[in-house]
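You will see subunit A twice below: alongside subunit B first, and alongside subunit C after that.
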Partner chain A sequence: MDKQYIIRGVQRSSFRKFIAWMIPWAGLLIFGVYAIYLCLAKGLNQTNMDNRFAFGVWIFLDLTVIALGAGAFFTGFLLYILKKKELHAVINSAVVIGFICYSGAVGVLMVDVGQPLRAWFTFWHPNVHSMLTEVTFCITCYLTVLAIEYVPVILKNRKLREIPSMLVFEHELHKLVFVLAAVGTFLSFFHQGSLGGLYGVLRGRPFAFREGIAIWPSTFFLFILSAAAVGPSFILLTTWLVSKISKKRLVKKNVLMLLGKISGALLIVYVLLKTIDTLVWINSTSPAVGFPAYEFYSRKPFGTWILFTEIVVFGLLPALVLLSGRMRAHVGLLVTAAAFACTGVALNRFVMTIQTLALPTLPFDPFLSYMPSWQEVGAFLAVIAYGVLVYSLSFRYLVLFPQERELSNG
Partner chain B sequence: MFPWVYGFTWDAGSIVFLGAFFTVLAVLVATLMKATLRAVNDVKLERTECIRWKSDFHDLPAAAKKCRHEFTGEFAHRTCDNNFDCRDCATHAKLMSEHPLVVPENAEDVVYGFTMPLDRMYHRGHTWVRREEDGSFTIGLDDFASRLIGVPEQIELPPAGTRLRVNGTAWNVKKQGAAVRILSPVEGEVIEAGDPQRGWFLRVKPLEEKPNLRNLLRGAEIRPWMLREMERFQGLLATEGAGIALADGGVPVNDFSKAYPRADWDTVMGEMLLEP
Partner chain C sequence: MTAQKNSRYGMVIDLDACTGCGACMVACAVENNIPPAPESANERTGITWMRVYKVLNGKSFPDTQAVFVPMMCQQCEHHTPCISVCPQKAVELDEESGIVAQIPVRCLGCRYCMTACPYHARYFNWWDPVWPKGMEQTLNPDVAPRMRGVVEKCNFCHGRLQAAKAKAAAEGRIEIRPEEYQPACSDACPTNAIVFGDLNDEQSEVSRMAHQKDSFRLLETLGSEPKVYFQSERPWVHHIAEQDFASPEKETVHG
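== the complex of A and B ==
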């Protein structure tokens, strides 16, 4: 039915099967949009957040998808600036994933602000000394970059490229994509850093507060490094997942192995620096403000196990696997390590958001617990459903994996 | 954000932060403007066909981009990086001067049952060109492409006066719902349109008195090229599950797609006629 819109030489499921796949996700999106509507129409009382627990599942989601979406900027940087040609095989998919992650994050932030009609205030009256202002500016700018990078991918559609003006615009824009890659790298560097920095500067939250260099706390650099490390892992993981779901070979194995190797090299540096940072924090930063670090881990469920799990199980372990050529050659281990690395960064963002806010900071403060309301979960799920829908449509009608045709023809 | 907006101060923070922001915006706007202006220029200068071919060539599988000198054994492996335009290829010029092609003795060659007359030149997209006495060119489909397309559902030939470009669209055909364009082997102005019954499709007046035809295959190159093309064709048919094919013996039928309707002819025609 829609064969004339699908690129030549690749096999896609029947239109009916595709619609059957899309319907449940569309249903989930509708449910999420209703939850978002309630939050916007009735206010943030629809959530379980309050003035003390102001960051919840939405901020956790934002931080996680922005970290995972770093695969877009980092792959672009490696391909267009450092000329790692092998990554041409996944760059289109990385752009789509980046676009989904950032547009999803911006969408949820609009709900989180609670007054989306006044969102422009942050641009019109910026507090230039705020990390959050930098994040807002960089994320919106980078989303614009990703949207522009998405345009040539869309214009490569079989039907669209029959229109001469679309064809030449795609050609000319693609020639300038290295500029976009450079701008994206610049923006990502700062907003990934500022997302970490905004926790590191919280003097009133000794669990998160860190010393650093000049105005940048150590978390600024750790967030950049962790995002760059797991970005390629997330691209690897999604490529493998799409390959399994579609039952197609999408890229050559060496591409997956290269992504794993890059991820592993950055991850081991991150784990090393994170370990040093944690030791400095335990022995110096935290005691200096009157909090022995062990106290932070005395309230269940946030025991020391969480620190061990984050740094060793989801940090050191996958880094070692990804760095070993022999283990990388085993697809099962490669994918598991990539999944562990992604889980590690998600756990880090969870700890920085939820654990930071749950812990008391004054003698009369209680230990807070927080469970998201169904409206919060609904908005969270809407982003997931939106991502699956956009990616599925892109996979069906666009060229996300240029090697697929060659691989499917043996 | 601006000096006249409430809250703005002329301090280092504001200048650095907003300066960086406006620089990024300026770069993005300039990039989009540049791409748009270049695209408008391309359309004005009629470069669309050239861009389409470059894009198509880039997307062709490696097996379809082999250098013609690999067919003749001058290279073990070589992929064309010149969009099949040997007119500008220094390697081709050098090799042709060192080893000029042997003039064939026969009037035609038969490869796997496909008749390839040797009084004409062939384009990699399976069209042929013959120079007529009045200096015009006649363009037709070779025996392989004729059988591949068979009886088309629709043929869109360009009207007289249309300018053709090398590797640009010469004409379009539709077969089993799949639309495919036939690439022009030469540059020139269409003076007459033919049809399959007449054995040719277009007559073209060249733009120059002595047009450069180095991009076209001829003489001793035809056989090895066709052998490679058959390999590619059989590979595609094997993938598409057509069943028994040329490699299993027999002679080619007149209309491949009619004989094997279950195969994905859209893909096969696209790949063989260089429109991926």
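== the complex of A and C ==
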């Protein structure tokens, strides 16, 4: 039924099967949109956030999604700036994933703020000292860059290529990819860092507060590095997942191995710096403001196990696997290590958001817990469903993996 | 005509005099047009610019002692945690009065300032403000009610400061007299536990009390220089200020 739109030389499932795949995700999207509607129409009383837990699951997942979406900028940087030509095999997929991650995160943020119609105030009356201002500017600009990068991918659709003006437009846009990659890298470095800075500057929250260089707390640099480290892992993971679901070979094994190697190399540096940062914080930063760090971990369930899990289990361990050529050659290990690395960054964002807020600062204030409401979960499920739908459509009708044709014919 | 000198309004709360009656909380809510909480609100979602904590000394009867700690925005002066984080300048430190001002009409409702506040003294409007029929006539015309989706907090009854300034101006004076500006909570306190005034005025009662040896501030080590002081002659109460986290179950807290 839609054969004329599917790219030449590759096999796709029947239209009926495709629709059957899409319907449950569309259902989930509708459910999530209803949850979003409730939050917008009735207010954030639909959530389980409160005056103490002012940030909740949305911010935690937004930070995670943005870190994972870093695969887009970092793959672009490696391919167009550092000339890692092998990554041409995944760049289109990386752009789509980046676009989904960032647009989804921005969408949820618009529900998360109490007055979404005032979002433009930040551009009109910016407080240049706020990390959130930097985040807002950079994410908005980078989402625009991603949208522009997505356009040539769309224009490569078989039907659209039949229109001469579209071909010319795509060709002209393609000339810009180097500039876009450079701009994207610059913007991403700043907003990934500023997302870390959001917590690092919180003097009133000694669990999160960090010293740093000039105006940037150490979390600024750690967030950049962790995002750059797990971005390629997430691209690796999604490529493998799409390959399994579609039952097709999409990229050569060496591409996955290269992504894993890059991820491993950055992850080991991150783990080293994160360890140093943690030691400095435990021994200097936190006690200096009157909060011995060990006391933060006396509040169950957030014991020291969470620190160990984050740094060793989901940091050092996957880094060592990804750095070993022999282990990388084993796809199962490679994918597991990538999944561990992605889980590690999610755990880090969880700790920075949820643990920070759960811990009291006033000595007579209790430790608090928080469980998201179904509306909060629903709103985020909408982002997942939106992502799957956009990616599925892109995979079916666009060239996300240029090697697929060669591999399927070979 | 001489230029008006800047003030540093602050408070000293005598914890030994506070009976925890809650009159300050009620007076604050009435003065500042805080709407009645909806039925589904709880102590973590309701708005109480002034909140009285009950803290026990952790000893069993007959040695049990309690202290009531009224908590509101501590009006931090240095590295004010909420000011630098706000992305759109909705929080400002008024140089003339030293009051940390919240500007609800600029607020995006991102709640980053609430995350930044170590005193948990900021409140979000989770609901639309609704007053029961007839009760809207009790609204204070000097204070604008806030809408759903914005953050608010104690501003030392800034509306009263404005009214006092207007009265002084009408009488041809530049400076207001100390008795002309008192927040609702200190006005309402039946035991005079809340003493308010200009910390820059060395002759003021508040300045004198703030420098007494029994005075302390909460979370002083954070370096944010709060302008709300507490006072007590009981040593265990002073431990509160020393962030004695070692046994977090020690005190019982009632919001």
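We adopt the following convention: the second predicted complex is superposed on the first by the 410 of 410 C-alpha atoms of A that agree within 3 Å, B and C clash if a C-alpha of one lies under 4 Å from a C-alpha of the other, contacts with A are read in each partner's own complex, and residues count from 1 in each chain.
Please note the rule applied: contacts are C-beta pairs under 8 Å (C-beta built on N, C-alpha and C of every residue); 3 or more make two chains touch, one makes a residue touch a chain.
Worth saying up front: this structure is predicted, and the values here are computed from it rather than measured.
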Would you mind checking whether subunit B and subunit C clash or fit side by side on subunit A after the superposition? fit
Partner chain(s) touched by A:His125 [first = subunit B, second = subunit C, both, neither]: both
For A:Thr144, select first, second, both or neither according to whether it touches subunit B, subunit C, the two together, or no partner. first
Would you check which partner chain A:Asp277 touches, where first means subunit B only, second means subunit C only, and both and neither mean what they say? neither
Here's one for you: vertex at subunit A, rays to subunit B and subunit C, all C-alpha centres; what's the angle to the nearest 10 degrees? 150
Identify the partner contact of A:Phe367: answer first if only subunit B is touched, second if only subunit C is, both if each is, neither if none is. second
Determine, for the superposed model, which of the two partners subunit B and subunit C contacts more residues of subunit A. C
Quick check on the superposed pair: does A:Arg203 touch subunit B, subunit C, both, or neither? Answer first, second, both or neither. second
So in the superposed three-chain picture, is A:Gly9 touching just subunit B, just subunit C, both, or none of them (first/second/both/neither)? first
Shortest Cα gap between subunit B and subunit C in the overlay, whole Å, is 8
Where on subunit A do subunit B and subunit C both make contact? 124-126, 129, 133
Would you pull the subunit A residues touching subunit B in the complex into a rising list? 3-4, 8-9, 123-126, 128-129, 133-134, 137, 141, 144-145, 148, 161, 164-165, 167-173, 175-176, 179-180, 183, 186-187, 399, 402, 405-406, 408-410
Residue ranges of subunit A in contact with subunit C within the complex: 43-45, 49-55, 112-115, 118-119, 121-122, 124-127, 129-133, 136, 198, 201-206, 289-292, 295, 298-299, 356-357, 360-368
Could you please specify the touching residues of subunit C with respect to subunit A in the complex? 38, 40, 42, 44-45, 53, 55, 69, 71, 79, 81, 84-89, 106-112, 114-120, 122-128, 147-151, 218-224, 239-240, 242-246, 248, 251, 253
In the complex with subunit A, residue positions of subunit B that touch it: 1, 5-7, 13-14, 17-18, 21, 24-25, 27-28, 31-32, 34-36, 38-39, 42-43, 47-48, 51-52, 54-55, 59, 61-62, 177, 235-236, 238-239, 266-267, 270-271, 275-276
